[in-house]
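So the structure is just underneath, and the comments pick up after that.
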Amino acid sequence: MKIKIHFECELQLAAAAPTILQLEAADIPGAQNIESSSLKIEPDVQTEEFLDIYKNPCRRLLMPAGDVRIEYNSVVELPDKRGAFIEPTEPDILHLPTDMLTYTLPSRYCQSDKLVKMANDTFGSITPGFARVQEICNWINENITYQYGTSNSGTSAYETAAERVGVCRDFAHLAITFCRAMNIPARYVSGYCLGLQPPDLHAFFHAYIDGRWVVFDATERQPRPALIQIAAGRDAADCAWSTFYGNGSTRSMQVDVTEIEEEE
Amino acid sequence: MKIKIHFECELQLAAAAPTILQLEAADIPGAQNIESSSLKIEPDVQTEEFLDIYKNPCRRLLMPAGDVRIEYNSVVELPDKRGAFIEPTEPDILHLPTDMLTYTLPSRYCQSDKLVKMANDTFGSITPGFARVQEICNWINENITYQYGTSNSGTSAYETAAERVGVCRDFAHLAITFCRAMNIPARYVSGYCLGLQPPDLHAFFHAYIDGRWVVFDATERQPRPALIQIAAGRDAADCAWSTFYGNGSTRSMQVDVTEIEEEE
Amino acid sequence: MKIKIHFECELQLAAAAPTILQLEAADIPGAQNIESSSLKIEPDVQTEEFLDIYKNPCRRLLMPAGDVRIEYNSVVELPDKRGAFIEPTEPDILHLPTDMLTYTLPSRYCQSDKLVKMANDTFGSITPGFARVQEICNWINENITYQYGTSNSGTSAYETAAERVGVCRDFAHLAITFCRAMNIPARYVSGYCLGLQPPDLHAFFHAYIDGRWVVFDATERQPRPALIQIAAGRDAADCAWSTFYGNGSTRSMQVDVTEIEEEE
Amino acid sequence: MKIKIHFECELQLAAAAPTILQLEAADIPGAQNIESSSLKIEPDVQTEEFLDIYKNPCRRLLMPAGDVRIEYNSVVELPDKRGAFIEPTEPDILHLPTDMLTYTLPSRYCQSDKLVKMANDTFGSITPGFARVQEICNWINENITYQYGTSNSGTSAYETAAERVGVCRDFAHLAITFCRAMNIPARYVSGYCLGLQPPDLHAFFHAYIDGRWVVFDATERQPRPALIQIAAGRDAADCAWSTFYGNGSTRSMQVDVTEIEEEE
């Protein structure tokens, strides 16, 4: 499947500010191939590309003062759906690649240390592995109401567990928190998504089962047909599409994700 | 049933401090009759008796500096168990005595405004009235672990709902919060209790159903045989056994509640 | 000074809901005299007047389903400014009227038990009484930024103390919390205010000093010229202008408070 | 300066549990040289050494069920005190090594996103660089009370900022939070410390100024004479001396840190 991504936004900064951008689809050979990609910033400004500690591609720049317009276009090739896979199981902490251990620990928005009992009481009797993480997604779907305006950039999984409303970011944080509370490595993924209404950036998550990261989307019972990863990290703090070290505000943002029908 | 209460404690204050004491069993004609009662403070100090805004009897005094010993003894007559009562139902807010409305609002330890969705999702389909409040107690019993040292005087129902551990005070706060979130007036009750292990002061709650306050104890599936009310209020902030307006600490406390076997 | 108040709002309810209204200026002889007053609800519906446990006048009604319009008009006479008063001092807890003790305790939005150290460190060395409460207002003015949209109906003084942004409600909660943390009885007041930009309902507070409630407004260094009390209670939970026991939303609200120029 | 470290503890596990240990002093050539080191676990069990994502040395093992005793002994050579250094200044985000950017973001115990205003109001006018971070330490010293038993493993900087009590861990978290809120990269360091009363593990922090990590200790106005690093990470979640993936409890722990007097 070929996916066309169009992102544009208008920013306004009172003064020039160092800025990190993390909005381009990642190139993950075999899983997510970037066929073409362009990023345009107006006024024109130099950017420095680098990998963050999680190996996500980022850009650093001095965002100029005044009105700024950013436009990103890309075509991404996603491989065909995998066949039914062998039942993935939860990893043995003793044999987990050690770089994965950090994803079992609590983080800013995922206080897994505080929800250990809730997680174990609710999911402790489910078969470990894929089934358990899927049940976490199902439970969140049934118990958390998706509603814009009910949470903000400070909202964490601890609050979502009690208040039971939120948006995709909160859904992902709560799912990750439950996974970690049960010693399943889990990480937050920011990305683009086909068919989202209204169109927006999306948040989903990865659970490490069966020796690899498996995609889950707590806002749907099934992962949506095309989830395109931008960045993966401990939680939303690691994956903001823009981080201004200064005062900036986003005046408008538009995201379009469409499937390119291939001609026969 | 006749119950003998013995309470004693040793305090130590760096300086004399105005203090409110709320540790004597309330005299509730027909429901809880005080047969005898004595309160001794050493060194001897005058106390002023008054009713707080909830009509709970209290004493105000200037607690002297240094070591203080308080001893309270009482014999309380509890009427025989009531017969099975007509199914109590939840009150219609429109016809509720207006003094009860305050018990539908959130308070310091009972943030019922934040748990509306959890309460409705969990208990919304249960038959209103006695059955619903009883189910709230059952749910708390099954889902919250009773464990000393897991909470403190700052812990509120919001935290207990997420962390799922606590003591009697936390159990009562969470039950009250769920009731209020569903528009059932509920209040916190501090008191003495027969058969508590280890012996201690106790916390339980009242829900207003069928036109009167009905006793519930979220730490047990059934209200214990002898619950003796000291004070009732919005939550533990209104019912502290002692409130020092100064620096004081309790060095030791002992509570004994025993049934007086009546001779034939 | 004569003040004309006009309040109107449009509500929309999915189903009829028991509702408490607390939006009429209180009649406080000598301090706030109601010269005329009318409340109109469309469609017409019967209301029951009562006093809540704090003696605030309230109305209870069954708010009908669909669109509802409420209009309230009143003329209030405020006495001339008092002359400079004798230095009001903080009350001795031992001789405080006992009904005031409840206003020294923590409540839903005023966790004074948690800010004892901050309050004492910041205000402990200020002369007790009027000067101290005024300094609390000054400190809040200097340290908290007034900004719409930074807080919501769940925000409490604990959060405002850390995050340092809020609206009048948050300013009042924080001031009350600091007062109580220092054993000064303090209560929340909802009301109307002359000259507020943009026009809105207002929140201010009372501190009990020198044997009476003294008005303070933490959003200004001086109490504004005309503050008209609707209700007073522990915090905003006790003084909501409307409490729906059901699902209702306010579609629009308009408040006008003007001074009536008296003819010579 | 030569420092001798002795650590021992007794654990009890209901069942064998995968465990990460992070209690050995790090070998940092030039800054902290390990002269000798031994780790003994009874009963004897194999451990796997690895570096975590922050490059801290760790050990992974299957901690056996029942009673376990761990003993660690080491001699560490610390270089002589550096001379007065050139005034270190705060980094320019644009030229900061990109691996440092993660230390400007909020984390589990350091919600720097929520304390931006408090940090800027309190420290915004201080000369950037060493002076500013030192002032953060001074402010914490003056405003936070060091007291055992006032915080626990769930306590975060947000709470410490409001409640103003804590232990070394909380002091470090709050200092790091203030640094990050002002865009100064800062990280948590667990370690051993000479002269701590009572002897215990210690927590301090690093701020990235003048192109390198500089040591600060928010519990003292001056960094103590001998601070020995075990691990550095975003906050305490990354640097726990032991992480049990199962149920274990520490029954006793003893730490001795002494200076070895060198013979002439």
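When the chains are written out, they are named A, B, C and D in that same order, and each has its own residue count from 1.
To be clear about the criterion, a contact is a pair of C-beta atoms (placed from the backbone, for glycine too) under 8 Å apart; a residue touches a chain by one contact, two chains touch by 3 or more.
Keep in mind it's a predicted model, so treat the numbers as computed, not measured.
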Touching both chain A and chain B, which chains are there? none
Call it same or different for chain C and chain D: same when shared residue numbers make up over half of all numbers used at their interface. same
For chain A and chain D, what's the span in angstrom between their mean Cα positions? 30
Can you compute the centre-to-centre distance for chain C and chain D, using the mean CA position of each chain? Integer Å is fine. 46
Counting only Cα atoms for the centres, state how far chain B is from chain D in Å. 43
Residue ranges of chain B touching at least 2 other chains are 114
Looking at the complex, which residues from chain D come into contact with chain A? 18, 20, 50-53, 58, 60, 62, 92-94, 98-99, 101-102, 104-108, 110-111, 113-114, 153-154, 183, 237-238, 243, 245
For a test of understanding, state which residues of chain C touch chain D in their complex under the given definition. 114-115, 117-118, 121, 143, 145, 158, 161-165
